[in-house]
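Notes follow once the structure below has been shown.
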Amino acid sequence: MTLDSSPELDAMYEGFDREHLVPLWTQLDDLMPMTPAPRAVPHVWKWDRLYDLARTAGDLVPVGRGGERRAIGLENPGLGGKAYVSPTLWAAIQYLGPRETAPEHRHSQNAFRFVVEGEGVWTVVNGDPVRMSRGDLLLTPGWNFHGHHNETDQPMAWIDGLDIPFSQTNDVGFFEYGSERVTDDATPRFSRSERLWCHPGLRPLSGLRDTVSSPVAAYRWEHTDEALTQQLLLEEEGVPATVDQGHAAVRYVNPTTGGDIMPTIRAQFHRLRAGTTTPSRREVGSSVYQVFQGEGSVVLGDTEHHLGTGDLFVVPSWVPCSLRAKTHFDLFHFSDAPIMERLHFDRMHIEEGER
Amino acid sequence: MTLDSSPELDAMYEGFDREHLVPLWTQLDDLMPMTPAPRAVPHVWKWDRLYDLARTAGDLVPVGRGGERRAIGLENPGLGGKAYVSPTLWAAIQYLGPRETAPEHRHSQNAFRFVVEGEGVWTVVNGDPVRMSRGDLLLTPGWNFHGHHNETDQPMAWIDGLDIPFSQTNDVGFFEYGSERVTDDATPRFSRSERLWCHPGLRPLSGLRDTVSSPVAAYRWEHTDEALTQQLLLEEEGVPATVDQGHAAVRYVNPTTGGDIMPTIRAQFHRLRAGTTTPSRREVGSSVYQVFQGEGSVVLGDTEHHLGTGDLFVVPSWVPCSLRAKTHFDLFHFSDAPIMERLHFDRMHIEEGER
Amino acid sequence: MTLDSSPELDAMYEGFDREHLVPLWTQLDDLMPMTPAPRAVPHVWKWDRLYDLARTAGDLVPVGRGGERRAIGLENPGLGGKAYVSPTLWAAIQYLGPRETAPEHRHSQNAFRFVVEGEGVWTVVNGDPVRMSRGDLLLTPGWNFHGHHNETDQPMAWIDGLDIPFSQTNDVGFFEYGSERVTDDATPRFSRSERLWCHPGLRPLSGLRDTVSSPVAAYRWEHTDEALTQQLLLEEEGVPATVDQGHAAVRYVNPTTGGDIMPTIRAQFHRLRAGTTTPSRREVGSSVYQVFQGEGSVVLGDTEHHLGTGDLFVVPSWVPCSLRAKTHFDLFHFSDAPIMERLHFDRMHIEEGER
Amino acid sequence: MTLDSSPELDAMYEGFDREHLVPLWTQLDDLMPMTPAPRAVPHVWKWDRLYDLARTAGDLVPVGRGGERRAIGLENPGLGGKAYVSPTLWAAIQYLGPRETAPEHRHSQNAFRFVVEGEGVWTVVNGDPVRMSRGDLLLTPGWNFHGHHNETDQPMAWIDGLDIPFSQTNDVGFFEYGSERVTDDATPRFSRSERLWCHPGLRPLSGLRDTVSSPVAAYRWEHTDEALTQQLLLEEEGVPATVDQGHAAVRYVNPTTGGDIMPTIRAQFHRLRAGTTTPSRREVGSSVYQVFQGEGSVVLGDTEHHLGTGDLFVVPSWVPCSLRAKTHFDLFHFSDAPIMERLHFDRMHIEEGER
C-alpha cells in the first residue's frame, strides 16, 4: 500500500520510529506472504570438499575446551553469516584426529551424529560410551553431557545435526562445561543404553517412565539396513510395506512413545531402488539429506542436482523436492518436522503432475 | 445393619422385591468392602496334569467349526462353573494334533498365545502366517481373523490368554466365522509383521498411524532371553537395569505407542537369579503366571506353592505375592493391569516387612 | 458341539473337574456370542413407586454409621439378587429425612447424585459444602470423603449413580469411614469448587495439573438449561448445534481435560422438542436414563414404555433404544461409556430403517 | 578461541567462505551462550502515545484491501527494523474509525485481540459476528477468515497479538484474501460460538471432536472479573485458590482439551491486591503484558518501570520480572509458552532472595 507523502504523514512515521513502532501496512507482504517465502535457499554441499577442508582444520585447529568441537557448519547462502543450514537446523561436519578428545559439555540444544564413513570414535553420553560406526545414528538429546574420543591412529569425520538456529533465535539455550576428558574411556561394542533398550517390542520394567527424548544412544546400521531390505522384499511379495513404489523408509523413534527421537528433530532413512523417482513434494518446515551410498539426484524447485556418497543438501520450507535414484540409493534425512507438527503448522502437498 | 422385624418392614421389603429394588444397607459390606475381597482364590495348576488331559482331549475331541478350538480353560475354584481364571481373564491350554487345523474366526476379545514347549504350528493372523516356537508370545488382538494349523506329525500344546470373562460380564463381544482352512498355509520363519516392525527403534513410514493394539504378531524368545540376560549383566556391572536386585523383567509393548500390547491385557516376562526372593506385593487387578524354566515357588498370602516348568498360578486382586527362585527362574506373566490403569483403579502395596 | 458319551470321555470330564478345568467347546456360544447377549434386560422403574418406598424407608430405617446411606438400589431383573442396574452400574434412590445426616466416608467407587426434585440438602465433598437443588448434578469421584445433611424440615430424595457392580466384579474397591457428622455444616449457595472452576474457558493458575476426575463438585441446572436452550435456538437459526434434528444434548465434562467427569461414568443431558423421535441406536455398554421433565416414551427393542417425570430406565448393551417426545422432553443420562472407550470395546449402530 | 594468523589458516577460511561453511569455534559463545542471551530487550510502551499515533493513522491512512489492517506493531528495540516485539510474538495497536470495515482474510498465523477500552466493533470470525467490548479476549486462530467492522460513530482501538515473527522466521505462513465486506454484519450480543460453548463444564454433543485451537471466539470480561474476584475471596477464607499471596490469575483455555487457546500463544489474566509484589521470576520464552486497570510497576532485570492503564511491556527470555501493585492491579498477559512447553525448552527460576 503506497500513500502520498505529506508533512503529516512524515511526522507520523517519525513518531512511530521514536516510539519503537512499525506499521503493518508497509510490511505486510514480507511478514505474511501468500505461501512460505523462505530466505533460505536450496543448496548442495559436496562431501569431498567438506572432507578436505575438515582435514585441513584437523591440521590447523586444535580441539579442546573453549572451541569445544572441530565442527564446520553448513551456512545456507540465503541466511548469510551464520552457520544456519535452515532457520531451525544446524548441520556440520565434525572431525577428530587420531587419539584426540573433544571435552564433555551439555546444552539445551538437541544433537545427533550420523556416520557416513569411518570408525574408531566413541561418544560418551552421560557416562555411557557409544561406538560410532558407519551408518549409525547417535543421539545426544538436550542437557545430556557428552564428549568424544578417538581411540585409533586414523582421523574420523561425521555429521552433526542440532537445533542451534531455533535455539538461538528463540533464546532457549543453556550450556554447561563438563569433564575435560571423557568420563568413561572404555570402548565397548554396545552402549549400555542399547543393551537395555534395543530388543524389539520389549521394554525394561526399570524404564516404564516415558522420556521426552529417546533413551537409545545408538541406532545401528545393521538394523536400518535390514529394515529397509525387508520393506523392499515385502513390496516384491505384494505386501504393503513401502511409502511409495520402490521407496523404502524408516523413522528413528523413541521406544517409550513410538514418536520422534527428540522434541525438535526428526530423523529418517530412505532407500530407493535404482530407477525410482519420488513424487515432487512440498512440506512446511526444512529438511537436510545426506547421501549414504549410491548415485542419483534431487530436483529442488526447477533445478536438478547430481549427488554421490556423502553429499548433503537442504530443502527449505515449501520448496518442491523429488529424489531420483540412478543406482540403489540410500539417504539419511533429518528435519524440523516435530516443531511443525507440535505447533500445527505442518502442511504437505504432492504435485500430481510430477508423478 | 440389623433392624427389628415388623409387619411394616416386611411390607416394605416385599415392595422392594416387587419393584426390583434392593436396599444398600443389607448388602453394604459385600458390595463395598474395606479392601478388595475377591471371590477368586489363589490357585496353582500343574503343567503335567494339564498336558495329560489335553492329550486325552486330543484323542477324544475333534477340532473344527462349531467347537472352534480344543482349548481347556482354567477355572478359578472361587468362580465355579465357568472357565474364569479371574474376573477379567481367561487362561487355557490349547492342543493341536498332528496335521490338524483350527478354523479361522475373529472376535472382539483380545487374545495371545504363549509357548512353553513344542513347535510346528503356525497361527495365521489376518492372513499373515506366524510360526509358534518355544518361548514366543503370539498376539491376536480383538477383531483379527486367526486360525492355527499343525504342519508336523507331532502334537503341540500352548497356553491361550484372553479377556473373555471381562467381555462376557460386560457384554462387549462380537464373533464372526472365517475360513474353514487357514487362508495362507505357508510356513515362513518370520511373519510379515515381524519383518516390517521388529527392528529396534525403527518405524516404517508406511506405519505411522498409532494402533490400538500392537502390530507385532510374534515376540520371539531370542529377543526376550537376550534382553533379560543383558539386564542381569548390567546389574553386575553396577548399572541400574533390573526392577529389584536379582530380578530382571521386560514388558511386551506396542511399538507404535510404547504402551501395552492390547487394551485389556499386559504381558511381561520375569527372570530371577537363583536365590532371589521378590518383595511381597499386592496389586489391584489379577495376574496369571506360567513358569517357563527353572524351579522355585510362589508365596500367595500365607501359602507357599512349589513350581516347576509349565506350572500356572493365578493371583487374585490384592493377594500378596512373592516369588522365590531355587534355580535360575523364568516366568511368563499376564494381567489385566491396562484395565485397572486406564480406569484409574490401580493401586500397589509392597509389604515392607517381607523384604 | 456334542460328543457321544463314552467311559473315556466321562473320565476326561471328571479329570477336568478335579483339576479345575472347563473346556471351551461346551461353553463357546455362551462365552463368545455373535453379538452381545446381556443377561441384563431393559426395565423401567416408575418414580412415584420408588419415592413411596423411599418415604416408607425414611420412616422405618435409620440412617447412620454402618448402613451409611438410606439408598435403595435398582435391581436389573436379569441380574437378580444384587442391586446391579447393569453389569457395571449402580443406580439408587437415596432419601434423607428432615435434619438427618448421612455420615462421611470415602471409597474407590466413583459416585454422582442427580436431583430430579426437592432441595435443602448439602453434600460435603472433601470438606466443601455443596448445595443440592433440582436439576443439579453433584460429583463425588473415587476416594473423596463425602457426607450429606438435610438442613430443612422437609425430606429430600435424589438418585445416586456409581460403578459398584464393576468395582465388585473386578475387586478394585477400598472403603474408609470418615467423620460421623459432616466436617463443614455451612450452607453456602455455591461450593468452593464452583467458585474456583465454573467460569467458562478460564482455568485457575492454581489448578494447572490435570485431574483424573472433574474438580467441579456441582453442575447447576441453570447452566444445563441455558446450554440446551441455546442449542435449539441455534438450530432454528440454521446453525449446526444439535446432535439430531430437534435433539439438543450436552455432556458433563472435566474442565482440566475436556473429557468425561470420572474414569468410569459418563453423564449427559438430552432435550427433545415435542414430537421428536431419535433414531434407534445400539451401543456397546449400558446406560441409565431418568426423565427430568416432560412426557414421552422410549422404545427398547420392540417394546415402547411410556415415561413421566422421575421415571428411570436401563438400556443394556446392544439393545436398540429410541426416544420419543410427546411434550418438550428432558432426560438425564449416565452410562459406562468411558470404560468401553478406554478399553476400545465401543461400537455403535444406528438402525437406518428406523429413521 | 583465537588462532595465530597464517597463510594456511587464511586459505582454509577462504575455503570455508567459498563452500558456504562457518566454523563453530569462532561463533560458539554467540550460538550457545551459558544462559539465554536475547537480542530482544525489555521495553515499555505508553498507551497514550500509542493511542495518539493510532488516531493520527486513523486520519491519514485508509483501511482496506492490500494494507488489510490499520495495525501499528511494537518493535523491540533490540530486534530493530521489524515489528517483532519478541522473536516469536507480534503485538500491535489496531484502530478502526467510525463506520469503517477491515476486509476479511485468513492466514496460518494465530491471532487474538484484547480490548483495553472502547466498544462498537464486531469481528466476524468464519461468519460468526463477535462483539468486542472492554476486557474481552477475542480469538482468530490460524486459517479462520476474519474481518472487523465498526458500527458506531466513534473510533475504537485494541491490541492484536500474533505469532508473526515465529511464522516468518520459520517460513510456515499461508495467506488468503476473503470478502471485502464482512460476511455477516449482524451485531448480536453473543457470538454463536459462545452460545454453543460457554456453559461451564458442559460440552455440546455436536462438538465432541477436540480442536487444535479453542472454539470459543470471545472470553468475556464479566467471567474473567468474577473468576479473579472469587479467587481473592477464597484466599481470604483460607482456601488455596491464588498462585501467590495476593495474586489471582486465570489462563484462557480451549474447553475441548483444557489446554492453551492456540498452539503457539498462551493468554492469561493477573490481578494483584494493592501492595502485592510478585516474586522475581525468570522464564524461557517471551511475554507481553498490558495493564488493564490500576497502577503499579514492573521490575525487569534491575530497572523498575511505572505503569498505568493500557501500558504494554515485553519480557524477553530469562529476564527477571516482578510485578508490584500500587493499587488493585489488573494485567492481561500473553506469551509463547506453548511453543516452549511443546518443544520441552521450558524452564523457570524464581529468585529466592527477592521474595
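For clarity, chains are labelled A, B, C and D in written order, and residue numbers in each chain start from 1.
In the analysis below, a contact is a pair of C-beta atoms (placed from the backbone, for glycine too) under 8 Å apart; a residue touches a chain by one contact, two chains touch by 3 or more.
Just so it is clear, the structure is predicted and the values come from calculations on it, not from any experiment.
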Legend entry - Both-way neighbours, i.e. chains that touch subunit B and touch subunit A: none
Inset, instruction - Measure off the straight-line distance from the CA centroid of subunit A to the CA centroid of subunit C, and report it in whole Å. - result: 53
Legend entry - Inter-chain centre distance, subunit B versus subunit C - centres from mean C-alpha coordinates, in Å: 31
Legend entry - Mean-CA-position distance for subunit D and subunit C (Å): 43
Inset, instruction - List, in ascending order, every residue of subunit C touching at least 2 other chains. - result: none
Legend entry - Touching chain combinations (by label order): A-B, A-D, B-C, C-D
Legend entry - Complex contact set, residues of subunit C against subunit B: 1, 3, 6, 8-9, 11-12, 15-16, 19-25, 27-28, 30-38, 40, 43, 45, 49-50, 52-53, 56-57, 59-61, 66-77, 81-83, 87-88, 92, 107-109, 142, 164, 166-176, 212, 263-264, 284-286, 316-318, 336, 338-340, 342-345, 347
Legend entry - For the subunit B and subunit A complex, residues of the former touching the latter: 192, 195-206, 208, 210, 214, 216, 219, 223-224, 226-227, 230-231, 233-234, 237, 239-243, 249-258, 268
